[in-house]
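Per-chain residue numbering starts at 1, and chain names A, B and C are given in the order in which the chains are listed.
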Amino acid sequence: MRLLQSILGFALLSLVACGQGTGTQTPSNSDGAAKRPLQISTVNYPLAWAAQQLAGEGAEVHFPAPADVDPAFWQPDLDTVAAYQQADLIVLNGANYARWRARVTLPDNRLVDTSSAFTDQLISVDSSPVHTHGPDGDHSHGELAFTVWLDLSLYAQQLQSIAAALAVLLPERARGIAAGSERLSGQLMAMDSELIKLGQQLDGEPVLYSHPVYQYFGRRYRLNGRALHWEPDQSPSERDWSALGELLKQHPATLMIWEDKPLAATRDRLTQLGVEVVVFRPLGNRPPHADFESAMSANIARLRAAAVEVP
Amino acid sequence: MIELRDLEFRYDQSTFALQIEHLRLEATEHVALIGPSGCGKTTLLNILAGVVLPHAGVVQVADQPVAQLADARRRDFRIRKLGLVFQNFELLDYLNVRDNILLPLRVGRGLAVTAALRERAEALASRLDIADKLDRHPQQLSQGERQRVAVSRALLLQPAVILADEPTGNLDPTNKFVVLDLLLDYAREAGATLLTVTHDRELLDRFERVVDFAELNSWRPA
Amino acid sequence: MSGVWYLAWRYLLWHRWKAAILVAAVSLVLYLPLGLQLLVEQTARDMNARADATPLVLGARGSPLELVLNALYFSDEQPPTLSYAVVAELRDSGLVDPVPLYVRYYSQQVPIVGTSLDYFGFRQLQLASGRQLATLGEAVLGYRAAADLGVGVGDFVVSSPQSVFDIAGVYPLKMPVVGILAASYSPDDEAIFVDLKTAWIIEGIGHGHQELTRPEAASAVLKTEDDRIVANASLLQYNEITAANIDSFHFHGNDAELPLTAVLPVPRSDKARVLIQGRYQQHESLQLLEPRAIIDQLLATVFAVQRYVLVAMGLVALATTAVVLLVFLLSWRARRPEQDTLHLLGGSQAAVLSLMLAEVIMVMVLSVLLATLLVVLTHWFGGPLLKAVVL
């Protein structure tokens, strides 16, 4: 009798065990952490500035590239990539800016490509040779010009992309964001108008660029520019000077637009060649002791002063 | 003690019958009942053991009127008071020697395998020289060893009456005397009545009295 | 132990093979219908849970079942592909957050799921060790996949060619394992997750190779015509993405035309769900499905088959019961001498009958215990077996 009881008890226990746990588990909900400010990460300074202007206190904007590098060519380390992955909104420039973007994994639904509204206006700067291998035919690993924000009308569109994304994420601030977008767009378009006038003033006069980063700037403001590959902090070689000399014969520029102040010797020698130097900072990274608006205003002021001097 | 008076028994489908006017064995008597095979000796033992009931007569075994007991009491009586030894040993193949000796305890009402009875089983096995075979099964024993197991089983509950039906019938000449002497020794020591059915005349000298079944059964075929 | 129980137990032990066969037969009769029921219910529960957790699936027109099984359970059915452009279209609608999937390749029969980081948030998958995907070519594994492949963080997995004879096809891609996911008790535990671009590289749509203008690639240049360079077959294509060669990886053609096997549109609201379903209801080349409806159809078939199988099992059970009873009866007849012995020794008819019943009861109890054990084992281990068969 006792044995029978033991057997029945074991059988019952086993049946109860059958009912425990189905092997499926409801994933635990994410932490109900206190609401933190929206985390926004950007790939360059103009976008960081625009995002901060629009989001205000509602967000923390991160632009992790070091101050002394060109963000277009900067490579974030794994920790920085992880930080980007944690952002609520990742603001991209578009036009294949931030080459590291192609090699990393980011959450697509939290990306905003601020150039997506004007991809038809992007400028191709095909630098690599066309080649063929396999059945797919000719192709090249070509490039797009990426300093779209130097065309302030395109920068205004980038700003509007950011505003639209923020309005979805911060619906309680939508009105303020829209108002801020309108205000900032107005400011940008005012500067755009000034630059258009300067372009008209220059009236197709040949100009030189120290680096090929002024494609959108030149197109928008109708500058007749040709680009060199001269670094502000390096002395050009004699071959460079010789090439410049040849170029000036076909393209007699009297103005050279630099990303940053060139060496004094370079400036002097250019002056001897009749080429005046004007610094127009692209502002891809954060300017020292200034913000985008004040730095761009300073750019415009310098260009205006230089344009006056152009015969 | 065993006493029969005016016993009558007949199998339904047979012309064979038992008619015994009187038979008495005293309490400490050791008697051999001799007769040819098929003459009814086993039937008589079955009647004494209460396995079958006579049609008439008095059957008194160990002071019990066996034929008048109800079925359950007859069985109890058979287990507790009688020691039965069979020609074919009647061991169960799936039990080892120890369990075969203890078998009556497992089928009897109100009986249980106690530590004391286990010890007694082992003592009997030791006395009968099969102590080293307690964990073996009958198939692993010789004929003589098997009969000694059967004898141990019969003596486990210290019966007052031992009924042995051809206990040496399947044994070789050496073993038959060994087994018979074991039975006789126990009966003497315990003061038990021993009735042994046999057709082997070589064994008769061992007994105090020999009863010829032909003289005992007064029935004659027509 | 009571006398007859002891004798019964001893009898069964002595005839252990006969007893084992009887116990096995009766256990199977008891277990099979229960086990089948349990397996089917478990599988249905798991499949429904997965389907319920996936509101919608978008794919190219074709077999709805194939699409759902591939997208939710990473089965080896290959639905027709749709283009990546659909993802932007869905995102631009403002109604859903699309999660792309490209499930086509395997590493030793473990499915490789090309997707975006959004997938992990959608499925609420957590990391148990290592880190999340960060760069091209990396892999994050479900915990069962890692165990099956015997790899951990820091090891590598290699994609398998689609067929043994795929000589001119895709090269195996060697991928470092950077993270292992915690158990989610879903098909995600048995998958390898890679960035969508990595999956396309496995396909061969994207690749990295030597820079043809560099001196070390000179032997790979077949000819140069003006500004065109034609490479020969010796051009080294990389089958592992490293820090040294990652920048050489590129895709040909328009990104929008790159293939997907499915998209999981995650609606932002119930209204958004209805609206997006309305948009794709009559689409010419795409189908938007509710996975639960498809799985319900599949399970309805499974349940129908199960009913037939249970009827068949019932008949077998009857036959087995008859045979078992016959065995007991024949055995009891053959044990007549034993019954006579017990009777002679003083055992009652009831005791003898009890002995027979005790043996039957013991066999039944052992069978019930064995069947119970099998049911418990089925509960814990049987699900994956049937899923492997169904999927």
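Heads up, the rule we're going with is that contacts are C-beta pairs under 8 Å (C-beta built on N, C-alpha and C of every residue); 3 or more make two chains touch, one makes a residue touch a chain.
As the structure is a prediction and not an experimental result, all values here were calculated from the model.
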| item | value |
| --- | --- |
| Busiest interface, counted in C-beta pairs | A-C |
| Most distant chain from chain A, judged by the mean position of its C-alpha atoms | B |
| Centre distance in Å when chain A and chain C are each reduced to the mean of their C-alpha atoms | 43 |
| Euclidean distance of C-alpha centroids - chain B vs chain C, Å | 72 |
| Distance from the mean Cα position of chain B to that of chain A, given in whole angstrom | 112 |
| Of all residues in chain B, those that touch chain C in their complex | 49, 51, 71-72, 75-76, 78-79, 84, 86, 90-95, 99, 103-109, 111-112, 137, 153 |
| Parts of chain A lying in touch with chain C, wherever the complex brings them together | 1, 3-4, 7, 10-11, 14-15, 17-18, 22-25, 27-30, 78, 81-82, 85, 99, 102-110, 128-133, 136, 138-139, 141, 168 |
| Footprint of chain B on chain C - complex, ascending | 3-4, 6-7, 10-11, 13-15, 338, 341-348, 351 |
| Residue ranges of chain C touching chain A (in the complex, touch as defined) | 1-2, 5, 38, 42, 45-46, 49, 87, 91, 94, 97-100, 116-118, 121, 123-126, 131-136, 138, 183-186, 195, 197, 209, 212-213, 227-231, 235, 246-247, 249-250, 252-253, 365, 368-369, 372-373, 375-376, 379-380, 383 |
